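Heads up: the structure comes next, in structure tokens.
We call the chains A, B, C and D, going by the order they appear; numbering starts again at 1 in every chain.
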Amino acid sequence: MRSFLTLSAIVTASIVVGIALFLLYFSLPLLEGSGLEKTIVGGGDGDLSYGVLPALVGTLWISLLSTLFALFISLFTSMGLESLSGKRYTRFVESFYEILSSIPTVVYAFLGIVLLLPHMRALFGGSGMSILSASIVLSLVISPTMILYFRESFSTVPREYRVVVYSLGGDEGSYIRRVLLPFRAKSLKVGTIMGFARASGDTMVSLMLAGNSLEIPISPLDGARTLTTHIALLFAEDFDSAEFRSIFVAGLILMSVTISIIVSIRKMGAKDVG
Amino acid sequence: MSGDRLLLHISRVVVVAITAIYLSILFHIIIKGIDAIVSLGVSDITPAIWGSLTLVLLSVTMAIPLGVSSAIYMELYGSPKIVEIFDISFEILASIPSIVIGLFGFATLIALHRYIPSFRASLLLASISLCILVLPYIVKATRLGFSETPSDHKAVAYSLGATKEDVLFRIMLPSARGQIKKGIFLAIARSAEDTAVIMLTGAVASYGFVDGLLSPFEALPFYIYYTSAVYSDPGELLSIYEAALILICLSAIFIRLSSGISRGGAK
Amino acid sequence: MIKVSNLSYGYGRKYLVRDLNATFRRGEITAITGRSGIGKSTFLKSINRLHEVERSDFFREGRIEIETSTLSGDVSSIEPHILRRSVGYIFQSPIPLPMSVEKNVSFAMDVAGCTREGAVRDALQSAHLWAEVKDRLDEDASRLSLGQQQRLAIARVLVMESEIILFDEPTSSLDPNSTRMIEELMVELSKEKTILLVSHDMEQIGRVADDVIALEEVSSNIR
Amino acid sequence: MKKTFLAVFTAIVALYGSENADIFTKYEGTLRIAGGTAHIPTMKAVAKEIEKSNPRIKVAIAGGGSGVGIKKVGEGLVDIGNAGRAVTDKEKSRYGLVPFKWAIDAIAVAVNPSNPVSNLEREKVIDIFAGRIKNWKEVGGKDAPIDIYTRDSASGTRKVFWKKMLSKGEITPSANFVNSNGAMKRAIANDPNAIGFVSAGFLDDSVKGISVDGIYPDKKHILSGEYGCKRGLYSITKGQPEGLKKAFIDYMLSPHVQHDIVAKKGFIPVR
């Protein structure tokens, strides 16, 4: 019994290490010597050259932009819900956001193709596939979870605070702005970082909506590929090629991002990441 | 004061606007999806439905014993240092992008295939990879359940001559049942919706019904991804809505179940 | 029998009690008194080593030796779960385990791996509870009344047939009627067993105890 | 020439005594196919016939691109790899690959049907894909920016197009990437300002093929050699095929499949 427990614990806990080692093993040949530069900026001898730099920039663009949108949406939404709290429908609204958070990413991405892209095309011309399109859809993907997280952290604020604010002549707006938000600033930060983590790790939305182009994007209307879509597009490549190996470098970067996010959240003292 | 009021008004407007956007998205899918079910029937996507169900069943069945016993190990034998290391590694595992886990599965495939030629991208490989994806949810839920066990109950059990193992299996495990169930439902919802993992480990666009662990398979999320890139007629487009509606229902039911238990079950 | 010699204990770097010497004999009820917070419960828990699962900063000096028909020696030399099977413990509040009445009573046998025919019935009868619960054995134990729950807790201990039972303010949460029943039970049990009773209630001590030990304030309490 | 064709027909017909999928009755199991995406519609139709005549056979078809097909069949990850380009000698010798060509296909420059442009000089095509011509009005269309669609490096379609149409000229990295012929067709059908390249078999009323230097990629111009951007569609096995694999390859080359499926899907049969 004990040996079975020990075995399964070791197996499960070492998966992370296993993943890291695999990624390192496959990407090491590329990181040595002059390979490093080629891996990052590209410049192979083939007709297409693959650096991970465009993908890295693309990931930054899309995850930052979508986190920004999502922060706007979820901050105002959870404040709005807070000001309506106590009313009968807030419970209903919350289970509504819970259901939204369960909608598969690939479904959001598909809806982006049929509902958003035609409008983007009409507005900005071009294919409609861009950092902006992906970010808009991605922000809708991550907002419900952020809203639920913010709501939960708001719900543990002592009720007396509101009474005191009202007794001093304040109203709901002043309570939210002057007490609630400063009091829960840390949760807001943690929730936003978690949103960013989800955005940077998402594959399907960028794959289906960002255009996957190889150029380093300069404007949000440019197409882009992310580290995740770089993997999705090239995993079936020739196993010995530099392009194929570069996806492991992409994986390695993604994993480092994950680890640093976890470390920073841990440092902030909030243990709950989900 | 007026700044405070303005903030309040803006946030109420945002609530209404965002809720309206989400509602219209949801209605769009529901209406088109029902239209699809009525006009197409489900025969085209039946293999994908069965594929998804099998996949979820397999991966969660693998994840439950592994996850629960890891949590038990941490509770029973783990020194504080070990527990902390395990905690961090599960936290990282829970946040790794799913495509990286898919890549891990794919790399394992390449490495293993040299030695075991019959091991190829398949239902088995995809289930194992998805199991890795959902394992942290099970571990986390089980540990939460353990930590919520009333300490009185543990003290009584000890006073009656129970060993650490007795207390765990007779008191803590039964009391963690609610949380474990919640974790399982969450794992089901997660493994049903994930596309990135199965895309690298064995999902194909057309295969037919699942017929073996070592065979490729169809699955709903991959069907949605693949078909939305290549559909060539309105019927095919409509079938995507059908798959999406079914997938949403599946995820929503299990997410609801998982949070329902946590609300009702926490004594 | 329990023999305590030069016993000192406390938490962290602070003594609660120093140099306690006492002997508790079979057939007697010894009451332990003292102001609250002085470590009466801790004293009981140090006998069956229950403090070890609750706090890790507990320390003890001196000896606590027990002698029963099955065990003898210093408590620190005995496996904790074996020790606890010989030393019954009744908590302040009944704390029914989240299982049926029957399972509660048989719990100690189940974990010890020795189930005896009729043991549950015998224990419930000795605890004067059988008549009230014989038709409710499958019900969840938390549905019994508080007084019944405390007698259940006693039955739960009796099933171990331990010769020592420690009562930690067993009636503090009960009504007078239930209190009276528990007191009668204690007296009855004391014929066969060594019983220690932590209590604040001087009247109760007068009613049941054969001997009293008052724990005293320690003068220099830093280790 | 015609006589040789006829001789082959009769030989095959005589060999199997049948033109349909009955030959599969003695086999069972799974046939895994991956690679070239131009092959997929034909393969799917063939698979449907086989599975209908013998439910014990299952055919799994995946895309990925020609490079993937060659690599996967070489590594033994699939039974048959598809490629929309010739297998190089290096690839052949490394894995012992045996390619079977079962159709000839042109790669067409494709635009949205609403686009008035229907002919481009080859130089203009090269300039458009390189990103030097950015607006449709520069080549006689409406005033709208050109949206370029391309494929990833595993694509045989891209490789052939790049060599034979673009003379190895650059494709701008700002182009959108799609990962199959099917996805290329869908993308162009959705985007009125799109230009891309697609297997001629995929042209229909949702995507418009255009003439290059006045030559349209139809059967006549492909066979005569006037339209130069063409390639074979191959199915590849590791070593000489046997059993179910052989039956499948033979079936692909049978007159029934060649005429009733390959030709109907818009490709030029080889037999």
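Note that in this section contacts are C-beta pairs under 8 Å (C-beta built on N, C-alpha and C of every residue); 3 or more make two chains touch, one makes a residue touch a chain.
Just so we're clear, the structure is a prediction, and the values are computed from it rather than from any experiment.
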Chain closest to the assembly centre - both centres taken as Cα means: B
Pair joined by the larger number of C-beta contacts - A-B, B-D: A-B
Chain separated most widely from chain A, comparing mean CA positions: C
Rounded Å distance, chain C centre to chain D centre (Cα mean): 84
Geometric centre distance via CA averages, chain B-chain A, whole Å: 17
Computed distance of Cα centres, chain D from chain B, in Å: 38
Between chain A and chain C, centroid-to-centroid distance (C-alpha), Å: 56
Residues of chain B whose C-beta touches two or more other chains: 110, 229
Residues of chain C engaged with two or more neighbouring chains: none
Residue numbers of chain A (touch at least two other chains): 239
Pairs of chains found to touch, sorted by chain label: A-B, A-D, B-C, B-D
Chain B contact footprint on chain D (complex, rising order): 30, 32, 40, 44, 47, 51, 58-63, 75-78, 178-180, 182-183, 185-186, 204, 206
Complex contact set, residues of chain B against chain A: 1, 3-8, 10-16, 18-19, 21-22, 25-26, 28-29, 65-67, 69-70, 72-74, 76-78, 85-86, 88-104, 106-108, 110, 132, 135, 139-140, 189, 192-196, 199-200, 221, 224-225, 228-229, 237, 240, 244, 247-248, 251-252, 254-256, 259
Parts of chain A lying in touch with chain B, wherever the complex brings them together: 2, 4-6, 8-9, 11-19, 22-23, 26, 72-73, 76-77, 79-81, 83-84, 93, 95-96, 98-107, 109-111, 113-115, 140, 143-144, 170-174, 176-178, 197, 200-204, 207-208, 228, 231-232, 235, 239, 247-248, 251, 254-255, 258-259, 261-262, 266, 273-274
Complex contact set, residues of chain D against chain A: 34, 64-65, 67-68, 71-72, 75, 144-145, 147, 149, 152-154, 159, 162, 168, 170-179, 187, 190-194
Interfacial residue positions of chain B with respect to chain C in the complex: 151-163, 166, 170-171, 174-175
